[in-house]
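Think of it as A, B, C, D and E in the order they're written, each chain with its own count starting at 1.
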Amino acid sequence: MLDKAKTLTHGAYDAAAASALKILVIHTRWNVEIVSALRDGVLATLTNQYAIPRSNIDVVEVPGAFELPFATKALLKQGKYDAVIPIGVLIKGATVHFEYISESATHALMNVGLESGTPVIFGILTCLTEEQALQRAGIGSGAEKGHNHGIDWAAAAVEMALLNQGKARKH
Amino acid sequence: MLDKAKTLTHGAYDAAAASALKILVIHTRWNVEIVSALRDGVLATLTNQYAIPRSNIDVVEVPGAFELPFATKALLKQGKYDAVIPIGVLIKGATVHFEYISESATHALMNVGLESGTPVIFGILTCLTEEQALQRAGIGSGAEKGHNHGIDWAAAAVEMALLNQGKARKH
Amino acid sequence: MLDKAKTLTHGAYDAAAASALKILVIHTRWNVEIVSALRDGVLATLTNQYAIPRSNIDVVEVPGAFELPFATKALLKQGKYDAVIPIGVLIKGATVHFEYISESATHALMNVGLESGTPVIFGILTCLTEEQALQRAGIGSGAEKGHNHGIDWAAAAVEMALLNQGKARKH
Amino acid sequence: MLDKAKTLTHGAYDAAAASALKILVIHTRWNVEIVSALRDGVLATLTNQYAIPRSNIDVVEVPGAFELPFATKALLKQGKYDAVIPIGVLIKGATVHFEYISESATHALMNVGLESGTPVIFGILTCLTEEQALQRAGIGSGAEKGHNHGIDWAAAAVEMALLNQGKARKH
Amino acid sequence: MLDKAKTLTHGAYDAAAASALKILVIHTRWNVEIVSALRDGVLATLTNQYAIPRSNIDVVEVPGAFELPFATKALLKQGKYDAVIPIGVLIKGATVHFEYISESATHALMNVGLESGTPVIFGILTCLTEEQALQRAGIGSGAEKGHNHGIDWAAAAVEMALLNQGKARKH
């Protein structure tokens, strides 16, 4: 599914504007090994690829994915961030809890972004197995190590924040 | 699914602020044995773990899960609570009533939280069997006794209320 | 699924306030035998169990379940009712009409209640067979006669109207 | 599924008020044979059954079902219509385009009706086969000719428009 | 599924008004070969079929389909465009990411159109296989080359923009 070379090559962009962005990362604590890898992928990309100082990035924890939209909206009220990357990992279980949380959190993150006017990236993995989640965090087993989606989410946050500042290139 | 050690260890927090929180618990009457266990798990955690006086906690009943969002919104208008924990137990039946109630209640609780500015925890079990619900209330049979999710909901309510007061730790 | 003894035993309540409530019942005309039984269950419960005068209750018809939310919102504008009980019966057919009407009507009734500030009860049966609907209207065949859900809806309307007036008991 | 005798017998109504109604019909162009039959069923019913002059009825085309809610809202801004009947035919295809269009159009038509305060009828057939759609337009093959749902939609539009004018009979 | 002769023959229209329209095209970068074909189909139709100068059309890129609604809303704030054509290609993968992105993006594009008052076309392919997507971009293999849906989206954008300017023909 993932095309590693893709999202990072979003063409020329204003590197100075990118490095001045203020980013909020909110992550859950469920499936901590996977979430941590995703968060680290986000942070490494923001700081290395886009030269955003670590001090421009706030990292906040919430219990689970249902809390991500509320935390995003509440913390955006401070008027401080150019983009938010909510990170969570949902894995199908025996009940249908997974389905209702996935659906409501996805809709709500979309709506919080639209209503706040600040880009909110979709950093939730909705997986049927733990192995799927591990692979999408770049920590799958053996040859199926996978690609860390946090890298893409960081790139998307930068691109959308610049677009939101009127810096999108128009062809 | 549940990682008992997890939600309770949300790191250092402002214990004095936590113990001063005012919490609203709203629960349904369907599947009363299960709902009661969940409610008791919530109350024990709020009072024992976080030292919130019982007098800071209001407990209100509604008929079923469809009523939880309305009651949450109506009672939040009093401006008195720092977080709400709506508790309900939905179990798949012969019709698709379960699916429509689960979906609409989940979305509505999310939206009431977002619009009110007060954290609303997702305390509804959406289970395919009664045994699944019993286990998630810590009263399953034998070795499958399970973990009382009320404990997690209480911890989530405290954490989100503090976050909403600007007390989230930023890394 | 139904626990007959449950919803009617919502504990002590303000009987005088209950009997003064003004209730709007809106029902569809599809599956008229079933809808009529549900409506009669609602009316009998409101007048007998809660001593609400029949003159305090308005009954209005609409074509189908998709019309219930609009009629509820339109008639609530008169500022006259303390609760609404929309009644409809949806039965799975050969197309997926059932699914889209069920889902959109459920969401919309929830939202009309939340936005109007008046409790709107979920009085729609979403059944896979006609027999399921007959049983949930208390008119199933033989020993499977079933429980008339209209009884529960009436009780829920009274309970939620009183809660909305600030009369919910807090523990 | 359809009970032909039903929707047309919505009891006594204000015939003079009905014949003065202004109705907007919006239809898609996909599956044109079926859509045309439905539109004709709507028009014949409005003019013959309810004596609404053809000059009181506007008919507008849009490309597909996704465009129906936007057109409904845009044309309602003229403040000219008492009800809208959006007509479309969606048939399950090889992809899941059908599901996403059906769901979003249904929700959106519901919401446009609720927010505009003008009744919007659900005139979309969501069918798994073309034959199902033909039957619901009254043009199925042989004995399965079916009932033209446009007849019901026209009756529903009249009934809801009168209800919205405060002319619903209350029992 | 596609009836090539259909959408292009939306009857007589104001050609001068059409050629003066300002259109925003936003496309994702996932599945770039398919997206590019769709974008080119859109551009060729707008410029050749409707004589819209290329300088009246802006083309902007976003990472993925979840970003389309935000970008649409953000760029519409400039008050410059008469219609938006968001283009994306979603293909079912091993997880249920596809389902949640498809559903939330569809709803959100609908709502951004309704709330902005500017037509937003649904230019997302939601396919179960890559071959389905290739065919709907007119680049399927061999005899199954398919029809480029971008052609229809361009026509729909023109038609809806004119409708939104009060230029829809009423019958």
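Some points to look at:
The criterion applied here is as follows: a residue touches a chain if its C-beta (ideal position, glycine included) is under 8 Å from a C-beta of that chain, and two chains touch if they have at least 3 such contacts.
Nothing here was measured: the structure is a model prediction, and the numbers come from that model.
Graph distance from chain C to chain E, where chains that touch are one step apart, equals 2. Note on connectivity: the fewest chain-to-chain touch steps from chain A to chain C number 2. At the interface between chain B and chain C, two copies of one sequence, fewer than half of the residue numbers in use are shared by both copies.
Distance from the chain A centre to the chain E centre is 26 Å, each centre being the mean of its Cα atoms.
Centroid to centroid, with C-alpha atoms defining each point, chain B and chain D lie 43 Å apart. Touching two or more other chains at once are residues 103, 107, 111 of chain C. Order of chains round the closed ring, starting at chain A and going on to chain B, comes out as A, B, C, D, E. Of all residues in chain B, only 29-30, 32, 58-64, 66-67, 69-71, 73-75, 93-97, 100-101, 103-105, 107-108, 111-112 touch chain C in the complex they form. Against chain A, the residues of chain B that register as touching in their complex are 1, 3, 6-7, 10-11, 92, 102-103, 106-107, 110-111, 113-114, 117, 119-122, 125-128, 132, 136, 152, 155-156, 159-160, 163-164, 168-171.
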